[in-house]
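One chain, chain A, links the two complexes that follow: it is found with chain B in the first and with chain C in the second.
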Partner chain A sequence: MTSTVVIDKAAPSRPVQLRSMSRDRAWALKWSYFFLTLFAIFSLVPPLYMVITSLKTSAEISAATNPWWVYHPTLSNYVELLTSNQFLTFFRNSALVSIFVVTITMLISVPAAFALARMRFWGSATLATGVFLTYLIPETLLFLPLFKMFAAFGELTGIQLINKWYVLLIIYPTLTVPFCTWIMIGYFASIPKELDEAAIIDGASWFQTLTRIFIPVAMPGLIAATIFAFTVSWAQFLYPLVFTTSTDQLVLPVGIVTTLIKGDVFAWGQIMTGALLGAAPPLIIYAFLMDYYIAGLTAGATKG
Partner chain B sequence: MADVTLRKVVKKYDDVLAVRGIDLDIADHEFVVLVGPSGCGKSTTLRMIAGLEDITDGDIMIGGDIVNDVPPKDRDIAMVFQNYALYPHMTVAENMSFGLRLKRYPKAEIKTRIDEAARMLDIVELVDRKPKQLSGGQRQRVAMGRAIVRNPKVFLFDEPLSNLDAKLRVQMRIEIKKVHQKVRTTTVYVTHDQVEAMTLADRVVVMNHGRIEQIGTPNELYHKPATKFVASFIGSPAMNFIPCRLEESGGKLHVRITDRLAFPLPPARAARYQSVSRTDRLLLGLRPEHITEASAHPEPGVENFDTVLDVTEPMGMETLIYFALEGAQICGRVNPNAGAVDGGPLRLAVDLNNMHLLNEGTGAVI
Partner chain C sequence: MADVAIERSATAPRTVRKRASLRTALKRKSTAAFLMTLPLILLIALLVIYPAFYSLHLATLNKSMQRFIGLGNFQFLFKRETFWLVVEQSCIFAITAVVFKALIGFIVAHVVHNIPAKGQRKWRGMLLVPWVIPPAMSTLAWLWLFDPSYSAFNYLLAGVGVDRIPWTGETGWARFSVILVNIWFGAPFFMIMYLAALKSVPDQLYEAAAIDGANWWQRIWYVTLPMMRNIIAITTLFSLIVTFANFDIVRILTAGGPLDRTHMFATWAFRIGIEGGDIPLGASVSLFMVPILAIAAVFILRDINKRGNEA
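Take a look at the complex of A and B:
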């Protein structure tokens, strides 16, 4: 009996290093929330400030009152923008460019990625890397030669593409196609080889394998690529600034900046409103596709 | 339904010879299993029959027609893959009917075939589910169903059971055998598991290093192996190989293992090995079941000897015993009541009527 007591007393004298998993996790969770809150504040304050400013009149914006509070809320900025033909033209141009660019991008990069990922041909691996490398060339480096090219093309053929919104349909894919192809190569490569072999034995052609097996199975990747292409087209600033100048050819980001800043007069209320309205479509698309995207991620396992 | 013939088929990847010119005749309705260790060329051979790999040289014939340059879809074959390769976005019924839909079969016909296959495989209630809602065994059934509905000339199985746990594997093995008994389609089945090969096959093809070592029925391979590789690959626990040589003593041919241990050969064996050189380095091949506990009245050709056991493994219906002989670890099978204990002495009997004699250098069975 005595010896048992001695052991019992000795045990707690050891330095206790026992911390349960749940306490560890709770600690990690606290820090994650701390940083998440920090980042949320960091990224959400600017849009909030935009909302506040968009609800003010020009007079209130320039008045020396608390900038974080709206004393006389008004929707006049929204009404003015949404009833101005100019703004609606920018919006239409942006929408047309983005929808067409997304379509063109997908039509090129999905078959390209399929070919590079699955049809083993001479140099396909090098070509796949090459495709990605082209994405690494910044647009600031490309816009001058591209402009010269289109100018020369106009002189040679008489077809004037510069200062037409649809010139962007040719230019944007230079940004979107390489990256989307790269994403899709990754997704297609993750599909087990046996799946296309099964399809081939079932009698599917390459095209049928792509459309009936690969595209449905790689839907999450396809959506990721679509979101990327749309975001790039919608937010692109440098190329439309260079290639389009007439007011009726401008897309939203350029249109807002060029028409609402008159010399040194900034129509801040309308700029903020325009920017907010311009940010809405990507947000809506994200919100709509995200559910599908996440549902797609959890489905489609081939092995148990 | 068709026979399959391979004539001097070679497959070369860059500089590596994966298949070194094999000849194989598979009869109509036959169930042939290609078995061998990984890298022996068995999967490559199957994939060449399927048309998923080009052949470097030789001819492959299905139903008498050379199909060397025929694309897989026109070979009228169906294949079951190791990881099932079910289309994850399609239901079981859609998976099974995909090939038929591509060939534009009438809807009613497709439905009849799916119903029939689903009933045969006992997956009727699963036809509307997606693959991810199925267990491994169920997925394997669907993969087989996809092959059956096509009603092909040849079934090709590429290690279909290796993703399943041991118990399910035994169950699915029986299912595959039942299906073959019903549909009687010519089947080529690849596995590295010799038990699967033995239990399923009409004939087993043992492959090693891109060559065929031996073709035969499961019993032929087990009882009359042609090479040391086949002898050691087929059977579990594997055959024992004991270094030995032949010697004449007292007018009888003996197989001598150590200075103190030699067994006289039974007359039939003695006659067979009479011409073997007495100086050749040989191996005595004995299956574990031919090394048993000694009985009071040994039969002719059965010789007793004493040994000390290293380890025993009680299996229930029998006990596996391990002991060392001439540097080789020897495995035997004794009755659980034979009194085998770890480290204990035991009098054993070897049945030389079932012995094999191999040339140590060439590995050939004499």
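Take a look at the complex of A and C:
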């Protein structure tokens, strides 16, 4: 008798509890999506507003209409910028600087990371720590002495480097090489020792071990480092602002800020179009290689 | 016994030869390693360490850089009101922005972690966009959103009956805007780092906590936070350095105005050193970033070494 009562009691209570649990879950999920939408709006408002403004004419921008809506969409801003020689020069300078800097960075940091990860030599541990420390030094600490150094170098040797876009090829590696070396050390160190021992036994030289084994195996790390180097050199603003002033030597970010903003007359349609085109290369890379991008981002602190 | 002796005598010359060849190999290996790291060493020595010490030297010169004036630049700075403003603002901006970045990053990482796995990629992709756009470009968009006469935010606020806000024109609002843009730019980095850390916390720990009757708050406090402690520390210190030394955002958004009320060390050093032409004084301003950066760097190194030992 008592047992049936217990069953009677238990029978309805169990499904109820399950239902309340799943209701909690559904509730939590709903709140999660609510917050996600909120944060996504917060993150995407500036880029979306760039797109909105870039599709407007100056007349529509200065009219007192709803700024969040495009009434007469036009591509004239894009056409104007992409046919302007000045803008194309900025784009070319940026592309050249980024591509060369990525190449230089890889040529310096991959062999160095290999040596630091595998070939223990006197001072290698200290050097690895030193590389990481240099990554922590911000560019805002070094721009004044560097500027003075290059000015003095120009006076001393007659080779004028300031106000030439290629001076950035010398300076940008200070930003990219330490971090790329650091994450490549992490990737190389995670490769099993047996692999390169086998290669050495088979008669491979150190150089062959690097090119035939380490680089192919650590390819994901290499891609992440390449993306990092490209993004940093594309986005850098302070160094080109300090080192280049003639309009034909400027890179994209500085070019847009200094030439499109003319006194009080803000050509906002063009500025936003320029900013969007300037943001496009990193965004496109990110859209296709998001996983490598994130791997590079998290590698700095999670590998050590 | 005899066997051993014979063996020894037989192996002795071989080991000597082996040792010699080993030594040459080691020599070769270390020279090869040295040559491979040489470009890196040269780069760091010539373009990072040398300028760092050179700026110490520069800071002791007068404006025309011809006369040694010792600590004169520093004495001059200490007497200027703007300098103390810059110190105060840099600290306020960096600390406030980092605290909010960390909080928002923590919440968003949890929320993303909470939803079904197949939707996570899409949301993560959208939420990381601020970090991908070059800050100089996205700050331009913010500048346009904050425009004094055509501000799109003011348009929305006018819809709900709020007066127009001078986003970059008034001290309080200008500081708020700078911090807001800093948070917008930096929070995704925290989100990604925390998300990576959250994924590495074993599920068994949460199951054990659930069996022990822990509620969600206790699960976060006693399981998640201790497991993520190291990542949180490293990310916060990284971000502190980056925010403290930030240049792009303030430069484009307010250029230090109104009345120097949003200058940070980097932008003020640029104003004095490049625009004002007083390189030594600018160098002495930027040198004031060193103590805070050094403290943060020491803590990061300690944490990373600890992590290395654990692993």
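Note that the second predicted complex is superposed on the first by the 247 of 304 C-alpha atoms of A that agree within 3 Å, B and C clash if a C-alpha of one lies under 4 Å from a C-alpha of the other, contacts with A are read in each partner's own complex, and residues count from 1 in each chain.
One rule holds for everything that comes next: a residue touches a chain if its C-beta (ideal position, glycine included) is under 8 Å from a C-beta of that chain, and two chains touch if they have at least 3 such contacts.
Nothing here was measured: the structure is a model prediction, and the numbers come from that model.
Undergrad: Mind working out whether A:Ala204 is in touch with chain B, chain C, both or neither, as first, second, both or neither?
TA: So A:Ala204 only meets chain B here.
Undergrad: After lining up the shared chain so the two structures overlap, which partner does A:Pro216 touch, if you call chain B first and chain C second: first, second, both or neither?
TA: After superposition on chain A, A:Pro216 lies in contact with chain B alone.
Undergrad: Name the contact category of A:Leu195: first (chain B only), second (chain C only), both, or neither.
TA: The first partner, chain B, only.
Undergrad: Which holds for A:Leu141: it touches chain B only (first), chain C only (second), both, or neither?
TA: second
Undergrad: Which of the two, chain B or chain C, is in touch with more residues of chain A?
TA: On the superposition, C touches more of the residues of chain A.
Undergrad: Now for A:Ala115: first (chain B), second (chain C), both, or neither, which partner does it touch?
TA: After superposing on A, A:Ala115 lies in contact with chain C but is clear of chain B.
Undergrad: For A:Ile99, using the defined touch cut-off, is the partner it touches chain B, chain C, both, or neither? Pick first, second, both or neither.
TA: Touch partners of A:Ile99: none, neither chain B nor chain C.
Undergrad: Determine, under the contact definition given at the top, whether A:Ala26 touches first (chain B), second (chain C), both, or neither.
TA: In the superposed model, A:Ala26 contacts neither chain B nor chain C.
Undergrad: Taking the superposition on A as described, I'd like to know which of chain B and chain C A:Met50 touches: first, second, both or neither.
TA: After superposing on A, A:Met50 lies in contact with chain C but is clear of chain B.
Undergrad: Both chain B and chain C contact which residues of chain A?
TA: 300-302, 304
Undergrad: Which bits of chain C are touching chain A when the two form their complex?
TA: Against chain A, chain C makes touches at 29-30, 32-34, 36-37, 39-41, 43-44, 47-52, 54-55, 58, 65, 104, 107-108, 111-112, 114-115, 121, 123-138, 140-142, 144-145, 147, 150, 152, 155-156, 184, 188-189, 192-193, 196, 231, 234-235, 238, 241-242, 245-248, 251-252, 265-266, 269-270, 273-274, 279, 282-283, 286-287, 289-290, 293, 296-297, 300-301, 304-305, 307-308, 311.
Undergrad: Any idea which chain A residues touch chain B in the complex?
TA: So the residues of chain A in touch with chain B come to 192, 194-195, 197-204, 208, 212-213, 216-217, 219, 299-304.
Undergrad: Quick one: in the complex, what on chain B touches chain A?
TA: 50-52, 71-73, 77-79, 81-89, 98-99, 102-103, 130-132, 134-136, 139, 146, 150, 163
Undergrad: Using the touch rule from the top, collect the residues of chain A that touch chain C in their complex.
TA: 28-29, 32-33, 35-36, 39-40, 42-47, 49-50, 53, 61-62, 66-68, 107-109, 111-112, 114-116, 119, 121-122, 124, 127, 129-134, 136-149, 170-171, 173-174, 177-178, 181, 206, 231, 234-235, 237-238, 241-242, 253-254, 256-257, 266, 268, 271-272, 275-276, 278-279, 282-283, 286-287, 290, 293-294, 297-298, 300-302, 304
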